[in-house]
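Given below, in the form of structure tokens, are the structures.
Shared between the two complexes below is subunit A, which has subunit B as its partner in the first and subunit C in the second.
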Partner chain A sequence: MKARALGRLTAMNVMLTLEYRAAVSVFILNSVARPVISLLIWLTVSDQGVRLPYGRGQLVTYYVVLGVVSMLTATWLDETLPQHIRLGGLSPWLLRPAPYVFYYISENLGQKLVNLSTLLPLVLVVAFAFRADLRLPTSPLPWLIFAASLPLAMAIRFLLELVLCSLAFWVEDVEGVLALQSVLGAFLAGQYIPLALFPPSLSGFLDAQPFRYTLSFPLEVLMGTLSAGALASGFAWASGYCLVLWCCCRLPWRSGLRAYSATGA
Partner chain B sequence: MIRYLRLWRQFVVLALVRQAEYRLNFLVSVGVGFAQLALAVLTFLLLYRFTNDVAGWSRAQVLLLLGIYRIVEGLLSLQIAPNLRAIDEAIRRGDMDFLLLRPVSSQFLVSLRLLSPAELVNVLIGIALTICAGNLAGVRWGAGNIAEALAYGLCGLVLLYAVWFLIVTCAFWLVQVETLHELFVTVSLTAQYPVDFFRGDVRTFLTFVVPVAFATTFPTKALLGTVQSRLLPIGLVLAGTALLATHLFWGYAVRHYSSASS
Partner chain C sequence: MTAIDVSDLGKTYRYHHKDPGLRGSLSSLFRRQTLEKCAVVGVSFAVEAGAVVGFLGPNGAGKTTTLKMLCGLLYPSHGAAQVLGFTPSRREPAFLRQISLVMGQKAMLWWDLPAMETLLLHKEMYSIPSGQFRQTVDDLAELLDVGPLLRVQVRKLSLGERMKMELLTALVHRPAVLFLDEPTIGLDVVSQQRVRDFLRQLNREQGTTILLTSHYMADIEALCPRVLLIDQGRLHFDGSLATLVERAAPPKLLSAVFARPVPDAAIAAALNGLPLQPTDDPLRIRVAVPREQTAAVAERLLHAGRLADLSIEDVPVEAIIRGIFSETATGGGLQ
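Up next, the complex of A and B:
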């Protein structure tokens, strides 16, 4: 019954996203263009003969696949959820038979489905331009592990933002916290610079922080730079974060709802 | 001309009055400015961890360029951004009617009537960084090279304004243009790297087609005394042509405006 509700809502959001096709194409163009700008810079450094932890092929692979993974793991709860809590937009949902969070999951999935159909052709064009250096695994195993790491990445990103947005139950203004985490989080996730290029002394910290598992980890898996031990500990960290964040979410949606005063509704 | 200057003075006064009403907004601008600067500095520190020279640019020279980028970016956010970000809304709601009816150039009104004074802080941060990094990079400050840098910077600002304005004018035909602003942000992001960091067609593109090079790379080189002097006339011609293009395109677009309110 609940699965069917989620399915219907996702279909509805696919239609909604299609309404804004022009806007979507520009958004997609941006999400491919920005990694390519970073890639060109690092290729300039690499071609100067400077020895980097990543070779030319690895840099190309990282930044080309980055566009797809960051789109798949993206969230945009911060645009509406805090306002819904503050201004009472949450109220109608408390009466409906499906959990409130379904609205956001379905919106997220629906938009990503549509975005993918525009994103993939564009990524293929970029991949073609860099085909000489692109190194994708040819055996099925890395692809399978990559596919397993993606849902974890999506879940961590989504739950993390849900927890932070839920602070709006108690704090009047969470926009500052959200803005900070989006900038800092993108940096620590490897959105701009691969984590492998950070100083080695930081690697312990980088491996332990949650943002790595929202973007960098799936990419590292696909590039095959991780040993079996690093893979196992990576999956352990990711699952651990998933579980902890899931528990953190339960709390605000029980006691927070009691604090909810539905101003303006 | 005098009338336009007097009008602009009124815009500044109004903006200051408005700013005084929203003091939190001021703190947010300052915070965001520092965060963006920290991010850019971190990026360059990571880049220069592996080498002391990227495409002929030292660390201090790149920081100097970053200072100039903050100034240019701050000036754009101060005077241009609030206006261009309001154009699509004005078209959708029909408020554009009132702007078109006024007895002055409508392009002047839609481009300059709003200011966000808080951004002045980012300009000051940029100036401070420019001076510090300039001393590190061994800039010999003199009236000549500063004037030259200002001339390039002015061309760059005009060119960036023109690119953004041309993009936003498309709002007369497209309904939702919020993402179009993001397209411009992507373009302007390339200005925080020296154009020499890019090679081949990309560099040509960023020098002549979407000329972000005039906003940051050439002013920096002017301060360092390494700029090719033939570039300044090219910049002036490009900037003039771009302004004319925005004027013509705006005129064409306004004729296609089907007022939403009446």
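Up next, the complex of A and C:
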């Protein structure tokens, strides 16, 4: 029952996302334009003779794939969930005999399916434009390891936001916290600057913080910049964060639902 | 069999006090005063399976809070509730499969999609067999007269049509207990009547237990042999609507039309100090008479002058309930 309900919910979210074609288009353009602008800046820096830890090929590969991985690991909980908690929109989902988190998972999947189907052709165009420098793996193993790192990245991002959004049960306005998390998270995930370009003295901290595993780690896997030991350690960190965040989710949500006032609904 | 059993149920909300204006906002930023409001206090009642019970009370009386606790949306601050043998706040799937809540215009439906999409979702969520689903949707759509609208985006529907769709969605899994919070709010009189007829039929044919709140006395009169009167979070009355009206001892409305003018002194003597209500016609008088004096006053009026017409009516139930609410608000109320 659960799988069928989740499938149905996801299909409904696909239909819902398709209702807002203009919003999807703007979002996709933004998802492509941002990495391309960053890439052009870094290529200019590189062409000026500045020595960077990444060569031209690695920079191109990083930023071409970044848009797709960003989209795959994106969450939009901050746009809906705090409001649902504060204004009672959670109630219809609490009254149904399925976990309320189904709705938010399906919303995430539905939006990603629509966004990716629009994003991929544009990324292919960008990839074609930079084909001379693009260095994608030719053997299946890096792709398989990359594919294995993606569900962990998605789960960390989703669970992290689920924990932060649960603050809305007690705090009137969590948007500030979520906005800070969004900016800081994007920065520490490697959205703006690849983590490899940060000062080497920060590498210990950057490897240990959770945001790396939501974006940078899958990209590093695909680019083949990690040793076998670093790969194993990365997967261990990512799995550990998943487990910790899963446990962290349960307590605030359990007590949050006790505090839920179902305002106006 | 008892469907709903509530014992000493209570709910206290916490909220912040804030003075109006920018000054109030600034001072609450540094020093916030937390207050508590007892929305429901020690409410106890039981409802037999298959009964239709009306929840009456003014705004903020605690009706909706009680309904929310009974369907598991809110945790009670104290006391206990059992619905179909389940503790609602645990929100067990087996419990949620057997209940439904319809809250005015608060949507189970997805605004941008046709109602059929939500119904298909409920088919999966409630594991409704395909044959039963088709049959139930067809039956309900026919009863509510919304068949052609099932494939129209919800946001394109009128208020009344949306309410009917909400009802249809709430009932597609055939709940044993149905909680209705203002199910006819915002509907025109024809739609209100349709919804009432539909609910009556649902209760009669499927034995659905219904607990309903409404500001429209017509809903309560048409559907609820039993009413619970709640105000300021406390239960003030539990019994039949007729008993409630009787206990409130409302006056009778006496109207008389004289064939020719009668001296004021003669009318005053007949009414024995009862105040007259204003009328447009100098030959017509209208007066609210205590029930036990009705016959005597009518007899005296017959002797006061030649009557062209005399009528004695009950005060509308709506006015009686309004009177009860204003009495409970001022500390009086039912004995």
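Here, the second predicted complex is superposed on the first by the 265 of 265 C-alpha atoms of A that agree within 3 Å, B and C clash if a C-alpha of one lies under 4 Å from a C-alpha of the other, contacts with A are read in each partner's own complex, and residues count from 1 in each chain.
Keep in mind that, in the parts below, a contact is a pair of C-beta atoms (placed from the backbone, for glycine too) under 8 Å apart; a residue touches a chain by one contact, two chains touch by 3 or more.
No experiment lies behind these values; they were computed from the predicted model shown.
Of the two partner chains placed by the overlay, only subunit B lies in contact with A:199; subunit C stays clear of it. Contacts of A:88 after superposition on the shared chain: subunit C is touched, whereas subunit B is not.
Shared-chain residue A:233: touches no atom of subunit B or subunit C.
In the overlay built on the shared chain, the residue A:52 is in contact with subunit B alone; subunit C does not reach it.
Contacts of A:117 after superposition: neither subunit B nor subunit C is touched.
Of the two partner chains, subunit B is the only one that A:179 touches; subunit C does not reach it. With both structures placed on the common chain, the touch criterion links A:40 to subunit B but leaves subunit C unconnected. When both complexes are overlaid on chain A, the residue A:26 reaches subunit B alone and has no touch with subunit C. Partner subunit A is touched in their complex by these residues of subunit B: 28, 31-32, 35-36, 39, 42-43, 46-47, 49-51, 53-55, 174, 176-180, 182-183, 185-186, 189-190, 193, 197-199, 202. By the touch criterion given at the top, residues 1, 4-5, 7-9, 12, 15-16, 19, 88, 91-92, 94-98, 257-258, 260-262, 264-265 of subunit A touch subunit C in their complex.
Within the complex formed with subunit A, the subunit C residues making contact are 13, 68, 71-75, 91, 93-94, 96-97, 99-101, 103, 106-108, 110, 112-113, 117-118, 120-122, 124-127.
For subunit A in complex with subunit B, the touching residues are 20, 22-24, 26-27, 29-30, 33-34, 37, 40-42, 44-45, 48, 50-52, 176, 179-180, 183, 187, 192-193, 197-199.
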